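Multiple structures are listed underneath, in structure tokens.
The two complexes that follow have chain A in common; it is paired with chain B in the first and with chain C in the second.
Right after this comes the complex of A and B.
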């Protein structure tokens, strides 16, 4: 079974609404079930081994980031009762709650996007955008950005290898690795902008922007999108629930 | 059908008060011939090609240009303001940028060019297959474009343009990342276009230019320093010592390859 792209987009919308409107007690199980779905359910499973690797690596990093955020907030945000003491440090309940809310929200927002992009081919996404009637230039901007993101890990590895070859200790331990990553990132991003412009010109030279506008076919096919209606209904339900909950407080 | 290219008194500055990127260029390329545009870096070769393709006029609206460009029956004064593809096809210096990144197989990447036209998928597939076979790229058709080597990318980039059958083909340093074998392959592809396509090759490599071109134009700091045929060019070779890697050619004159080339040249002259 494969879920069409509009349905997946509606799932991302649902995840974002949940991330912003629901408490962490709901969103944390949501993240766990999303991770389980991404490893077991075909429509959400990453389509290539590298995408799968990137997905689970991101999950690992984001969990570590979330734990750090919770600990720092528990330590620095002195609200509510003290949960526990460790040597001279006091950890507060309010800080933990805030840290959990923020980190769970961030992880859910990014994870839903990651599930969306790793579980389909860029080409299908491009075709969907064109069929939805988006201008060619906008489609190409989105695709060039996605292509850059796909190439980024390889290019970082290449730069690291080149630096290692001339004796720079870029992979010597976590600290050196982290420092080198941030040093490499900004020139890579800048070069990617230049590269995108060049690639855009090359596409223009092939007449890409002269293509006829594709007639939107999205509305004609809407009847077949069961999951779209399911996720939209759930999103609506979450919004109504949040409004009612807010009014009744 | 190949189109003639005529450039008259063409000058170009990227902005007001900027130095002239091209100055008083007057050049005529006969239809169906191959013209080599030679010169050191920053001589203005790429600027001239981009002006002919229309990309310069499209993206540098503030530029100062004068003169006339004529491609076939169309006269542009001073330069085309829109990309002229598919009449004029241009491949850029770095083939890496010419891969769109939005198609996952080489044959689909090449077919992307044809998606602008009202063709069915099977028509596109068959046209691409024929071209890839002609260019000796059929073994790469199922490969992912981002995994290709420099030489393979260069040929795929050329296929991306050739698939639309341009009447004028402009190549900006096509040997940039090619080894000897790939250069020979590219040369034979270009020679096969003679008669059907007007080709202008901008390069700094003399040996490649000598392999393919009939007309030789040497550009220096935006001006034409020489314009003539093969024999005139070879006669005047010593005058370009400061502009071109002439030493390399002179050294190679002792090699069999160039001896063979000279023999071919003599044969051609005898035929004439």
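Right after this comes the complex of A and C.
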């Protein structure tokens, strides 16, 4: 089963609404379920090995971020009662609460974005944007960036090795290494400008820059977007719940 | 000129491949910085390069697309800093159009202004969404300011004002010297060539 991109976007919206409106006690189980879902359910699972790697690396980052934020705020934000003392340090309840709120909110916001992107090819997202009416030039920029991203690391390594062979001070002091940065960047930019000019001429010759009206070609049956309605309804429910909760306080 | 026409003018000729290169450079320049062990981010060099040679709107597009793609490739927190890179692209393009990339000392001054502006825009994001913790070496500065009694927003702002102007000034100078070393024959293919050559 595959979930269409608009439905996934509505899921991101739902996660963001939860992150901003619900307390961390609700959002923490949400994050855990999302992490489990993303590692087991096909529509949310990272599709490439590098995406999977990025996903698990982010889980590690989130955990350490949460721990650091809770400890630092427990120590620095002196609100509420003292939860415990460690040597000369006092940890406060208000600080812990604040650290948990901020870290859980950030992790939920970020994780929803990551799940959205890692569960599909970026080319598919670009194609969807084009079908939704994004100008051709912007879609071309995205697709060309993907091309450059494949090429650039190898080119950087090549230039770096060549400059090192020519005696560039890549392992000297800070100032000399700064100069080496320039020595690596300079040929890289020069070759890329030459390539950009050549590609620009090729695009122009093919009539790329003639004015065209881009129309949205998204004409899918709305019945295909079951998840879109589910997530939008849930989002609405969370908003209403938060307003009622706020009024009753 | 309308914004739409301005964007169209900035994205003509070799601009589309060059913006794509700028985005890719933003995402990979860290590789060089790590290899050379340089303690600076320099992750907006591509945006600055594009903004100088093409204009502010192209800079905004390069910066925001770079952050969206960084989010897609495993760093989703970059998504929240899109307003910051948009300001960097717009302000750099504005300065370049005013001729600030023709003299090195104007670049230094511009880099400092840019750093202050970036710090002001990024402070509320870092404070509210990240609680002042970015999991980077600069966190130590934030904790120092917080331990002296400042609130999170002020501490993050002070930290930004301490480190961002240095990073942006170095980036501006790098771009200035890069463009100075390029042959005019190549630069003239871009509509912003007059921004660099005096």
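FYI, the second predicted complex is superposed on the first by the 166 of 249 C-alpha atoms of A that agree within 3 Å, B and C clash if a C-alpha of one lies under 4 Å from a C-alpha of the other, contacts with A are read in each partner's own complex, and residues count from 1 in each chain.
As a working rule, contacts are C-beta pairs under 8 Å (C-beta built on N, C-alpha and C of every residue); 3 or more make two chains touch, one makes a residue touch a chain.
Keep in mind it's a predicted model, so treat the numbers as computed, not measured.
Student: Which holds for A:206: it touches chain B only (first), chain C only (second), both, or neither?
Tutor: First partner only, chain B.
Student: Applying the document's definition of touch, where does A:78 land relative to chain B and chain C: first, second, both, or neither?
Tutor: In the superposition, A:78 touches no partner, neither chain B nor chain C.
Student: Is A:245 in contact with chain B, with chain C, with both, or with neither (first, second, both, neither)?
Tutor: A:245 sits against neither chain B nor chain C.
Student: May I ask you to decide whether A:195 touches chain B, chain C, both, or neither, giving the answer as first, second, both or neither?
Tutor: A:195: touches chain B and chain C.
Student: Comparing chain B against chain C, which has contacts with more of the residues in chain A?
Tutor: Counting residues of chain A touched by each partner, the higher count goes to C.
Student: Taking the superposition on A as described, I'd like to know which of chain B and chain C A:126 touches: first, second, both or neither.
Tutor: In the superposed model, A:126 contacts chain B only, not chain C.
Student: Contact-wise, after the overlay, does A:42 reach chain B, chain C, both or neither (first, second, both, neither)?
Tutor: Once the two structures are laid over each other on A, A:42 reaches no partner at all.
Student: Touching A:64, do we find chain B (first), chain C (second), both, or neither?
Tutor: In the superposed model, A:64 contacts chain C only, not chain B.
Student: Where on chain A do the contacts with chain B and the contacts with chain C coincide?
Tutor: Residues 122, 140, 144, 147, 151, 195, 199, 201, 203-204 of chain A touch both chain B and chain C.
Student: Show me the residue ranges of chain A that touch chain B in the complex, using the header's touch definition.
Tutor: Touching chain B from chain A are residues 121-123, 126, 140, 143-144, 147, 150-151, 195, 198-199, 201-208, 210-212.
Student: Quick check on the complex: what are the chain B residues that touch chain A?
Tutor: That would be residues 53, 55, 58-59, 83, 85-86, 89-90, 92, 94, 97-104, 108, 112-113, 115-116, 146, 157, 160-161, 164 of chain B.
Student: Touching residues of chain C toward chain A in the complex: what are they?
Tutor: Residue list for chain C touching chain A: 11-21, 23-25, 27-29, 31-33, 35-38, 42, 45, 49, 61, 65, 69, 71-77, 79-80, 129-131, 133, 135, 143, 146-147, 174, 177-178, 181-182, 186-187, 189.
Student: Which residues of chain A touch chain C in their complex?
Tutor: 50-51, 53-55, 57-58, 61, 64-65, 68-69, 72-73, 76, 98-99, 102-103, 105-106, 109-111, 113-114, 117-118, 122, 125, 137-138, 140-142, 144-145, 147-149, 151-153, 156, 160, 170, 174, 177-178, 180-182, 184-186, 188-190, 192-197, 199-201, 203-204, 209
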